[in-house]
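Here the chain labels run A, B and C in written order, and each chain numbers its own residues starting at 1.
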Amino acid sequence: MDVAPGRTLRVERQRETLRVVIDRPDRNNSINDTLMRDLHAALDEAEGDPTTRLVVIEGSGPVFCSGMDFGDAADSNRADDGLAARGGQVFYGLLKRLASLPRVVVSVVDGRVTGGGVGIAAASDFVYASARSSFALPEALWGLLPCCVLPFLIRRTGFQPAYAMTLSTLPVTAEHAARIHLVDEVMDDARPALRRLASRLTKIDTSVVADGKRYFEQLRQPAERHEQVAVTEFARLMSSPVVRGRIAGFAQNQLMPWENR
Amino acid sequence: MDVAPGRTLRVERQRETLRVVIDRPDRNNSINDTLMRDLHAALDEAEGDPTTRLVVIEGSGPVFCSGMDFGDAADSNRADDGLAARGGQVFYGLLKRLASLPRVVVSVVDGRVTGGGVGIAAASDFVYASARSSFALPEALWGLLPCCVLPFLIRRTGFQPAYAMTLSTLPVTAEHAARIHLVDEVMDDARPALRRLASRLTKIDTSVVADGKRYFEQLRQPAERHEQVAVTEFARLMSSPVVRGRIAGFAQNQLMPWENR
Amino acid sequence: MDVAPGRTLRVERQRETLRVVIDRPDRNNSINDTLMRDLHAALDEAEGDPTTRLVVIEGSGPVFCSGMDFGDAADSNRADDGLAARGGQVFYGLLKRLASLPRVVVSVVDGRVTGGGVGIAAASDFVYASARSSFALPEALWGLLPCCVLPFLIRRTGFQPAYAMTLSTLPVTAEHAARIHLVDEVMDDARPALRRLASRLTKIDTSVVADGKRYFEQLRQPAERHEQVAVTEFARLMSSPVVRGRIAGFAQNQLMPWENR
């Protein structure tokens, strides 16, 4: 198996944005080990550069991402049982990395998204989709379930919309996906929204993005722990001299935080 | 009390669909012990027949289901305290059975749904409702709460919409019910949607419907367990020779799963 | 610091409604210790009067509430670290009180709501907002997170909409806030809706409002406990002689519960 980086993705940096284009049009932009490794490498690059604030994931052609590469999966099956468990672990790890990366991740969808591709979108911080996009979980037709996708999809949609997509296997439109919060905004040109978001993100410390993602994870614990979690995190953030300086600058001189660094 | 099956329900089989009509128009289609037993018997019938893929629940007349039969509840009250606890247990058990049945359950609503009737709809996999339908939880007016309904309603709507219905006791329209995911689709004629769903379901193993329902229950545990649950279930499903055969058939010969049995 | 009651709020009783107007227009209706104490005092008044069923919270002028008073926070910072922890605890306690008060709490929003102000709205049982209202969580710009707000916001919106507001820091419109259930209804004149709600609430025992709020908290525990919680609470409520009397009155004489006291 050829694992040369850059083979499955096109990656380009533009100011504060790292743009990652899934580019396996001959395999319907499906996910194999190489693509997962290449995507991790791109995220390493984003994480290693303090000026990168935004990672934008797109798909080349009419398919954003079609999920697991069945050709590679069929090969693995010949080998041994442990590979399936490892495949699930590696894919879950990729989705977890998207969700916890100390940068803001936006999936810009223009086309079909199926199976594991829905996981990549769902694990992104924001999903912008064109009106012609569609989202489907056909796993049950194969005797499978979208096991790794569902924790990230349910985080966005709640129980019922994810359940309905899984049991029916029918695709939903971008408009429907927006109503269930799988898509944050339907727009045929994502560039103005990306510029607006990037402009905000240059005013936010990347450490706060990391703090925010970690804090939201803590709030997915049972509700009885929320009060302690909230009070502890608030006290920790307020003890930062940087934060205190910004608050004093505003209180005394009406300085906004980004004027006070 | 007469418990002859068929007394509270009309049940008919049509190809892959078992149609169950709640038929106590003189008691506003309210729920008593007989109806719960009859409904369990109908679900037994669906579960015992491998060709049945879909259970459709309807109500006769302008009321889909009005919840607990207060006439019977008043009788029970005369007897002893334990009956109320048993009544809650039996009703919760019915809702749990609807939610875990290895068949797809659709409530087709055309009219008023109140109290426990909202539970029957909420515990169904899909709810299709006509525009004139309405949903209400009037329990608080009686000094009660929709205790058994709420876990199933919150699963669909999240916290706030269920909370608002409970505290206000005011009915919501079908349109509103769709916005909060208590209803999956508003449509005056459910037959095309049922046909589309049935056509998909005949391509899905009933064991996968059971797997899917069980897996979604596991994902309602605290978030820290999700990764392990996901990876384990994915590995289990991928180890099936049937699944492997389908994947290989697609990878090698572009066969869709239903062409490869 | 002057803690005279009535300094930060205007409070007036009108029949079954206690109206509380946040009134610090010179400080953008921001939250300091005095306001929190005054608000607790108003809630004490509501809770002490059995004829009060509804607490309505409004803001004077174009800002409903702008969150933490940075002037006071800057003062506290001079003092010591413990104050930040205490501030979080006190604010969380206020939100928890709004959410558990045995009265129905409605925030009527007409204007901008930011930071902790979103918490006051989110912790309310109902939020009615005019179309020109907006909601924003700018905390990340300061290096902070809306720690205490989020558990109450997520309860309403689920994970994704709260996450998007926190990471983007961008305001959302009232219309968007309604789609994510931060707002229950968008209306430029809240009075008809308040009258309709008040008319229902006079028919509901205040003890049931308390029971309902407590029961919903129990249902935020992991799902495996829901059945036991539901069955136990149903049996407890059904054992009340008042409830039994109402059910018998309906079953035997078609009396509605409020005709049967």
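To be clear about the criterion, contacts are C-beta pairs under 8 Å (C-beta built on N, C-alpha and C of every residue); 3 or more make two chains touch, one makes a residue touch a chain.
Being a predicted model, the structure only gives us computed values, none of them experimental.
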Interface numbering overlap (same over half, different under half) for chain A and chain B: different
Cα superposition of chain B on its sequence copy chain C - rotation in ° rounded to nearest 5: 120
Separation of chain A from chain B, taking each centre as the mean of its C-alpha atoms, in whole Å: 32
In chain B, residues with contacts to at least two other chains: 158, 179, 220, 222
Contact set on chain B toward chain C in their complex: 70-71, 73-75, 77, 81, 84-85, 87-89, 92, 96, 140-145, 147-148, 150-151, 154, 158-164, 166-170, 179-180, 217, 220-222
Residue numbers on chain C that touch chain B, as the complex places them: 104, 125-126, 155-158, 179, 181, 184, 196-197, 200, 203-205, 208-209, 211-212, 215-216, 219-220, 222-224, 226-227, 229-235, 237-240, 242-244, 246-248, 250-252, 256-258
